[in-house]
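Chain nomenclature is as follows: A, B and C, assigned in order of appearance, with residue numbering initiated at 1 for each chain independently.
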Amino acid sequence: MLVKPFWASTFDIITEFCYIRKIMEYTLNQINEIINGQVIGDGNIKITGVASVEVAAHGDITFIKGEKFIEKGVNSKASAIVVHRVIDELKVPLIVDKDPFMAFVRFLEVLANERMESEPGIHSSAVLADTVKVGNGVSIWPNVVIRDDVKLGNNVTIFPNVFIGEDCVIGDNTTIHANVSIMGKTSIGQKVTIHPGSVIGGDGFGYLQKGGKHVKIPQVGGVQIGDDVEIGANVTIDRAALDKTIIGNGVKIDNHSHVAHNAVIGENTMLIAYAKIAGGARIGKNVMIAEDVGINDHATIGDNCIVGGGSNVYKSLAPGSVVWGSPARPLNDEKKIQSIITRLPDMRTKIKELEKWKVKSEK
Amino acid sequence: MLVKPFWASTFDIITEFCYIRKIMEYTLNQINEIINGQVIGDGNIKITGVASVEVAAHGDITFIKGEKFIEKGVNSKASAIVVHRVIDELKVPLIVDKDPFMAFVRFLEVLANERMESEPGIHSSAVLADTVKVGNGVSIWPNVVIRDDVKLGNNVTIFPNVFIGEDCVIGDNTTIHANVSIMGKTSIGQKVTIHPGSVIGGDGFGYLQKGGKHVKIPQVGGVQIGDDVEIGANVTIDRAALDKTIIGNGVKIDNHSHVAHNAVIGENTMLIAYAKIAGGARIGKNVMIAEDVGINDHATIGDNCIVGGGSNVYKSLAPGSVVWGSPARPLNDEKKIQSIITRLPDMRTKIKELEKWKVKSEK
Amino acid sequence: MLVKPFWASTFDIITEFCYIRKIMEYTLNQINEIINGQVIGDGNIKITGVASVEVAAHGDITFIKGEKFIEKGVNSKASAIVVHRVIDELKVPLIVDKDPFMAFVRFLEVLANERMESEPGIHSSAVLADTVKVGNGVSIWPNVVIRDDVKLGNNVTIFPNVFIGEDCVIGDNTTIHANVSIMGKTSIGQKVTIHPGSVIGGDGFGYLQKGGKHVKIPQVGGVQIGDDVEIGANVTIDRAALDKTIIGNGVKIDNHSHVAHNAVIGENTMLIAYAKIAGGARIGKNVMIAEDVGINDHATIGDNCIVGGGSNVYKSLAPGSVVWGSPARPLNDEKKIQSIITRLPDMRTKIKELEKWKVKSEK
């Protein structure tokens, strides 16, 4: 059920467009073809929306994660529920799957894709250099501007007002959302999603001090982004001074994050919102960087590290480190220190009492 | 005095355009028709600009807030001053109003609106789906792209290069500035302003860990924004995973802030720059979140709380709490702790002295 | 070697476009004409790329900074190296210059400029008000929208999807990158670069509290940006409430930074990423604000101050202050305090022991 691009006057009016609550029209059996569980009850009922168990209304399908949510399921107004076992108290049709959340996610994926897919085509207002190479099934929306020697793989979707600089490569099945700027010499892998407003390949921030002025170090390197990467909204990933800034396969980057020039982010690492990865930092694989964390320039963060929210990491971390705080310390040390800081007024009082006693004793 | 859109070649050249210093041409009497105070002196003088009392030049009107600013008024080069009472030392024409700042603001509102108003019309380069419904007096600037089933209320202004996804609703008198991206299924109330570069309805950041990889939880909910909301530049408000992310009536959000999926912001709450509201957090009404504050996911912040700048709030707060610090503590506790932290070197010295004394005494 | 704009169908196909690794074709002698050093060895070899000494491959030119990098030079695969003296161990052709990094930068500047230059012209999709004045050599890319009474100096380049509001002035040789929004009444100097996604002149965040609601203080001032300023990606600089927000000559501002209304940034000051300069703050000349620093509203930071990363500066700083921490303290104080904080558990233990001793002694 592809969504036809609305600008395509040669296409029919898009009546089959189906998005979540609006005119979603699955039967429960059709949903189960996606979920691949077991339908209990009337599989022919029509489902017109998805919602959480608390919010669901008539027509919606929802899910419960396990035993302790059964009461919520009983009180829900949902018309169908995905559950982990047959539950007699639930009076509506069910889909049973041993992992109901994951099962529900499989259906959500189909809905989310419907929302994003557009039929192939290049809008007449898009401006592409003659040397741009475009794969099969590519969808380029209005006002997209693409410079020389860019290569777009198959099934790439570029939403409106995106700018792509010269010499970029974008892999198959990648989606670039509205108002994104991708500067020249950026290489992006397959199945990547970049959310609106992000800037990939802006100049790194590098200057020489000379005669009391800042002389710019020209930033002539590139950015290389792997496969299965997701980049949030209003993120910035700067080009390298020389060589490349690298984002590994499977990396997920949340809104407002910043990866500075020549940083390297290892595979499957996650950067939560406002991650600040300074120049030349090297983050390992499977690292979890929580919200609002700063990593110092040229610091090395080993594989599998976890950095707690709000931390500033000034020094390199061995693989598997779990740290928190500013400056970041081993988690348990920081917890102990924070707990003592709370008791500082009490400590101060005790020191004063000890001093009084000393003075008295010495008399 | 509407500003005609400049693309409208059928309109006259816009010579009456009036913006602040440039060709602003009010008489003092005309300004007082807006302010509704009392003119003292020559009401026929021409006013060609607005400025602060220190900066004001000949032709400008300014204001002073009260008694202690009289000397500044005397030294000002302004041609007219809005004041709280007749002040003989001021040798220029006055407008008297018991709240001169508020009175001055009433005039500034007129100036600011002049700057933003454009005559209705849809620029020929805008691309609207056939199913878009447009109210009266709507002004759609060049390169705006609007997807299917969007409804725009009356007097909505959409500045250039804005993208609006499918199934959005935008209320009367709302203004969307340049380069904003509003993703599908966003509902926006009346008299809302969204400043440039903001992203509303980008995907929330949600993943399941499965087999060492991050499996995306599709984000298929929406965003609902109330009336009289103002959203700064380069803000991001993510869509809900399911259900809605909600911004209440009268909420004001400053630049670079981030409201994550499924968060709820209560009425008249204020988020100053770089507010980081994590997923599912519930912020009450009339809360003041100062600059660079993080609120933990699923935390509940009661009505009327005040959170000081730079704080990280890890736990829920009762209504009316006033907190500061990272982690956030009651304001007075944090102030005391900060004051003691400054004296830590002294405390350490004292402990050392006490220990020396102990060693000596025990001999 | 100007890059012709690709939309210019009347121009030849751009075959001479030369960008870094791709089809860069300098001989070493040609590079030395730019560097102005001394060629040692075969000056006729072809150089097709630039890279760091570790990454360089056959065809690349690189540099080493001094004696301690000689071994890296020996192990490098570069085809030519810029060095500080003749070094016999290096078996490839050399360019000798007493400051090899600076010499290399001179060549990089040429490469970087090649990438950015475009031949003059205004794309047919750009929408300019009739009253816009355009200097010589201006290059305006697709989908740029410019409102009334804007003046663009000579050799200004405006990349795609930029919006420029009414009454702006942009100086000679300034470059505005894609998806930037410049709101009305902004004045920008010469040789300024603004990277993608930034917003200049959005409304400042100012409200009066009245009857439990936030009444907006209209923001009718402007923004003034000096010469030789560089502004990173997704930065916001707000317009003043009245008067001007001012960015001095030579200021460099990194990604995600925010300069609030009526702030003043002195000449040659540097704001690293996520600088948060609150309303009315006055930052002096040659100040270095490290990453993720907050400066309080109306604080004055004297000339030549250095503020360490992650600091929050609540009070004004005398010229030449070097501070760190949150709240910011003199650097050495903060270092001492941080070192003591690490030992807090130990201090607490010692206090407990002293108390036990006291109790015992007093028996």
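In this section, a residue touches a chain if its C-beta (ideal position, glycine included) is under 8 Å from a C-beta of that chain, and two chains touch if they have at least 3 such contacts.
Please read all numbers here as calculations on a predicted model, not as lab measurements.
**Q** Given that chain A is a copy of chain C, what angle of rotation, in degrees and a multiple of 5, matches their CA positions?
**A** Rounded to 5 degrees, the superposing rotation is 120 degrees.
**Q** Which is it for copies chain B and chain C: same residues on both faces, with over half shared, or different residues?
**A** Result for this pair: different.
**Q** Just curious, how far off is chain C from chain B if you go by their C-alpha centres, in Å?
**A** 26
**Q** In chain B, what residues contact two or more other chains?
**A** Touching at least two other chains: 125, 143, 161, 179, 197, 234, 256, 274, 326, 341, 347, 351, 354, 361.
**Q** Quick one: which bits of chain C touch chain B in the complex? Just the residue numbers, please.
**A** Listed in rising order, the residues are 125, 127, 129-131, 143, 145, 147-149, 161, 163, 166-167, 179-181, 183-185, 197-199, 202-203, 205, 207-208, 210, 212-220, 222, 234, 236, 238, 242-243, 256, 258, 260, 274, 276, 278, 294, 296, 312, 326-327, 329, 333, 336-337, 340-341, 343, 347, 350-351, 354, 357, 361.
**Q** If we count contacts the way the header does, which residues on chain C are in touch with chain A in the complex?
**A** By the definition above, chain C touches chain A via 6-7, 13-14, 17, 19-20, 22, 50-52, 55, 101-102, 105, 108-109, 111-112, 115, 123, 125, 141-143, 159-161, 177-179, 193, 195-197, 230, 232-234, 250, 252, 254-256, 268, 270, 272-274, 286, 291-292, 309-310, 326, 338, 341-342, 344-345, 347-348, 351, 354-355, 358, 361-362.
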